[in-house]
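In the two assemblies presented below, chain A is common to both, partnered first by chain B and then by chain C.
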Partner chain A sequence: MENAILHSTAERVLASRSEARRRRATIYLILFLLVAWSIKVTVIDDTDWERIGSFSSILKEAGRFFAIDFSLFPKLIEPAFETLVIACLGTLLGVVLCLPVIWFGAANITPFKPITYPLARLMMTLSRSIHEIVWALFFVAAVGLGALPGILAIAMRSIGFIAKISAEAIEDIDPKAVEAIQAMGGGKLQVLRYAILPQVLPVIIGVTVFEWEINIRRSAILGLVGAGGLGLVFFRQMNTFNYPGVTSVILAILILILIGEVLSHYSRKSVI
Partner chain B sequence: MPILEVKNLRARYSNSTPEILKSLSFSVEADDFFAVIGPSGAGKSTLIRCINRLVEPTGGEVMLYDTDVLKLSSSELRRLRRNIGMIFQEFNLVDRMSVMDNVLSGRLGYVGTVRSLFKMFPRSDIDRALQILDRVGLIDHVDKRADALSGGQRQRVGIARALMQEPRLLLLDEPTSSLDPKISREVMALIKEIAGEFQVPVLCNIHDVQLAMEFCNKILGLQDGIKMFDGATETMDQQKLDEIYAMEVL
Partner chain C sequence: MNIPTTTAITGPPHWRRFRFPQSLYHFGALLGVLVFVVFAIDYLNIPLERLLTMFGRIGTQLTERYYPPDINYINDKDYFASVLDTMQMAYLGALFGLLASLLLGWFGAHNVTPSRRYVYPAARLITMICRAVHEMIWAILFVTILGFGMLPGVFALTFFCTGFAGKLLAEEVEAINMGPVEAMRATGANGLQTFVFGVFPQVRVAFTGIAIYTWDVAFRAATVVGFFGAGGMGWYLKRNVLQIESERVAAILFSIILLVLVSEIISAWARNRVAKMA
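Take a look at the complex of A and B:
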């Protein structure tokens, strides 16, 4: 009797295992077909195979970038500085614009939740889902070429991340200090200043420095759409087919970003 | 003449939850060190928070120095709260601020909002803070951050902060529950001395019956939101204690 039960259980287990195997195989097959189809329509059909030429000509084309135009470096100092300034001012402006978004976007301090909270969340999503290049295109159209549209684009792009992390930090604070300030007769602003701010300030500073570091990368390419900085030089070198010059600009961007990363690392370490 | 009179106090957190305080009445005199004892969940913390309306009572009356607390507007309530010092189980300090700033924050009800936003406390407040810190034995720790102190020291900061308010009533919510037995006794002794020096009545939640019997002159025994005992400490005995704690499995 017991043997019979064991036997039928084993049959059932085996059946369900082979069923799972069949299902897996089907999924893999579908995935494979999807990938193959994507390659066919986007790469095979869409590439101009005639123009690529032979393997050696590909190497030759790519090889033109393997040189550095040293004469360009003195001319890169000013745009590099501009890129850095765009990142700094953009981040600063972003933080200032952030403050109301943080206030509205933290569920526990938002002034009128049914309206202000969704509004702030919308701002955060909008800021992050629009690419910095798109923001820059928008501001170049609005205020013209130069560093200013870059600064505005960086600021708008920064709001989302800084505000989201900061608002969540406010939602996660330890409520005990808040209770204490309320118990001694403190008003809303005093609760904000004495119980909430000391708890979240390190987070806000940390995330702002992190965002600043990312903004250096962003501002380095904004020149491609006319918003100043190294990107503009990059664009010009590309247009005049000066490939060693392009490499020089890329190197300059790399150095700038490395400096930013080192500064960001140590300054964030010191606030936490 | 009682300075705090509580009549038929009722409290519940929402309509779907059971009532926490069920028509509670008692009164505190000017020289009382008044203990509220009872098992966990009896409503001790809710009771003490109803006095300064950190928890909004659903019914009854709280008279404090002839003020009907439950009828105050929010700005009147803030003005009243600045005279009610509160000391908490977990100290409720701002960890990332200095001891001095924590103590000075006891003056928040007195300095203007704008001044307080820039931490611009008048010289007299700083002098007072130093005197009080000296009194509670923390004069050497003025510039330390609150989270650098030990539990007992942190509670002394809490005491100092409450004293900065020039309190006319001290509310203590389990002031010793986060401390070890020896420090607990020291802290209770300090609070008792200070209450005498500053002539301020004390209402104190405490689940440690021994400490209550030792330091308090009156005891209110709570069980499930109902008053089981209300009288001088001398009249409390083991049988009544057993009754109050009957529902708690020890």
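Take a look at the complex of A and C:
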């Protein structure tokens, strides 16, 4: 009797395992078919194989980039600085713009939940889901060429991430400090200033520095659509087919981002 | 009787959250930021008066040029095909990028890397380069090398996803519990065995989350890599921007935003489910 129960249990376990295995196999099969289909459509059918030619000609094409135009470097310092400044200003403006979004988007302090909360969430998603190139195109059309559309694009693009993380931090705060300030007779603004802000400021600063680091990367390409900085130089080098110059610009971007990464690492360490 | 009650409510009149030395630092930091802003605005020659007229101009632009979006233009078989292409491009790019990031996450995590002196810095450097170079620059480079089409788009997205997922995965791997790994090493497992049976099971759930997120981000990038000739919807965008067909541009942007929103909702839902399974 006991043996029979054991036996049936073992059988059930084995059956569920083989069931799980079968399901996994189906999922992998579907994934594999998707890959095969995608490769067929995007890579095999769509590619102009004659233009690419043989493997050696690809290497030859790619080899044009493996040289550095050192004479370009002195001319890169100013655009690199410009890129950095655009990233800084864009991030600052983004932080300023995202303050109301944070306020509306944190469920526990939002002023009028049925309307302001979804509004802020929509703002966050929109800001994150529209690519910086698209934002830049929009602002170039609105304010003309120059650094300004780049700054505005970066600011709009940063709102979402900073606001999302900060609003989540506010939702997780310790409510005792809020109650203490309220018990002392503090108004709404005082609660924000003395109970909520001190608790979430490290998070906001940390996420801002993180976003700043990403924004350097973004501001380096906004020149492609009409904002200044390294992107513009990249675009010019590309259009004059000066491939070693392109490599130099990419190298300059890498150095700039490395500096940004080191700075952001240490400043985040000192904040948190 | 009246006087003490009022002082109790208003409190001491000169209370400040920050006292003298600290308040000076805060003031100094604020001043520094303001000086920087003024300097930067001057340095970049930003025409501030344009900022004031910007809202009016955006308003007229939206109402006169971009409205109404030319929905008929995107309600078209070719356009739908390009949307599908974009999805496939993002899918392939994310897949290849994730495969590469598995390797980079292993080699680039300080605690399990095969060699801290050579492999670790190399893996970190590759991850950094992939991440630092923007996906648009990858797209332009591959278009120059391989010509127009979706292949350069797939390559660009692969590099982008490699950097993106590689960094996240390396951070996850660095946070694992080393107990199982050491136990496996003690029984004589080699590097690959330790990674497959000791490290990967610990980060599997995190990796699934990263994978979903990567696909989402890759799709977002894929909608615009075509802007520089790498196929998909971006090519439609570029063409109409150049032809100043604003109503069509509006329709395309509208469709991009809609698709990205849908993909973000799906990804958030899927990541939630994965997190719950853990």
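Rule of thumb we're sticking to: the second predicted complex is superposed on the first by the 242 of 272 C-alpha atoms of A that agree within 3 Å, B and C clash if a C-alpha of one lies under 4 Å from a C-alpha of the other, contacts with A are read in each partner's own complex, and residues count from 1 in each chain.
The rule is simple: contacts are C-beta pairs under 8 Å (C-beta built on N, C-alpha and C of every residue); 3 or more make two chains touch, one makes a residue touch a chain.
In this text, all values refer to a predicted model and were calculated from it rather than measured experimentally.
S.K.: Using the superposition on chain A described above, determine whether A:V134 touches chain B (first), chain C (second), both, or neither.
M.R.: A:V134 contacts chain C only, not chain B.
S.K.: Report for A:Y194: first if it touches chain B alone, second if chain C alone, otherwise both or neither.
M.R.: both
S.K.: For A:I253, using the defined touch cut-off, is the partner it touches chain B, chain C, both, or neither? Pick first, second, both or neither.
M.R.: In the superposition, A:I253 contacts chain C only.
S.K.: Please indicate which partner A:K176 is in contact with in the superposed arrangement: first for chain B, second for chain C, both, or neither.
M.R.: After superposition on chain A, A:K176 lies in contact with chain B alone.
S.K.: Counting residues of chain A touched by each partner, does chain B or chain C come out ahead?
M.R.: Comparing touch counts on chain A for chain B and chain C gives C.
S.K.: Just to be sure I read the superposition right, which of the two partners does A:C88 touch: chain B = first, chain C = second, or both, or neither?
M.R.: A:C88 contacts chain C only, not chain B.
S.K.: Could you tell me if A:G185 is touching chain B, chain C, both of them or neither one (first, second, both, neither)?
M.R.: In the superposition, A:G185 touches chain B and chain C alike.
S.K.: With the two structures laid over each other on chain A, which partner does A:I39 touch: chain B (first), chain C (second), both, or neither?
M.R.: A:I39 sits against chain C, while chain B stays out of touch.
S.K.: Tell me which partner A:A62 touches in the superposition: chain B (first), chain C (second), both or neither.
M.R.: Touch partner of A:A62: chain C, not chain B.
S.K.: Output the chain A positions appearing in both contact lists, the one against chain B and the one against chain C.
M.R.: Touching chain B and chain C on chain A: residues 184-185, 194.
S.K.: What residues on chain B touch chain A, complex-wise?
M.R.: Result: residues 52, 54, 78-86, 88, 90-97, 105-106, 108-109, 113, 116-117, 161-162, 165, 171 of chain B touch chain A.
S.K.: For chain A, which residues are in contact with chain C within the complex?
M.R.: 34-35, 37-39, 41-43, 46-48, 51-52, 58, 61-62, 65, 82, 85-86, 88-89, 92, 125-126, 128-131, 133-134, 137, 141-144, 146-148, 151, 184-185, 194, 217-218, 220-221, 224, 228, 234, 238, 243, 246, 250, 253-254, 257-258, 261
S.K.: Could you pull out which chain A residues touch chain B in their complex?
M.R.: That would be residues 176-177, 179-187, 189-190, 193-195, 198-199, 201-202 of chain A.
S.K.: Under the definition above, what is the set of chain C residues touching chain A in their complex?
M.R.: It comes out as residues 9, 11, 17, 33, 36-37, 40-41, 43-47, 50-51, 54, 57-58, 61, 85, 88-89, 91-92, 95, 128-129, 131-134, 136-137, 140-141, 144-151, 153-154, 220-221, 223-224, 227-228, 231, 237, 241, 253, 256-257, 260-261, 264.
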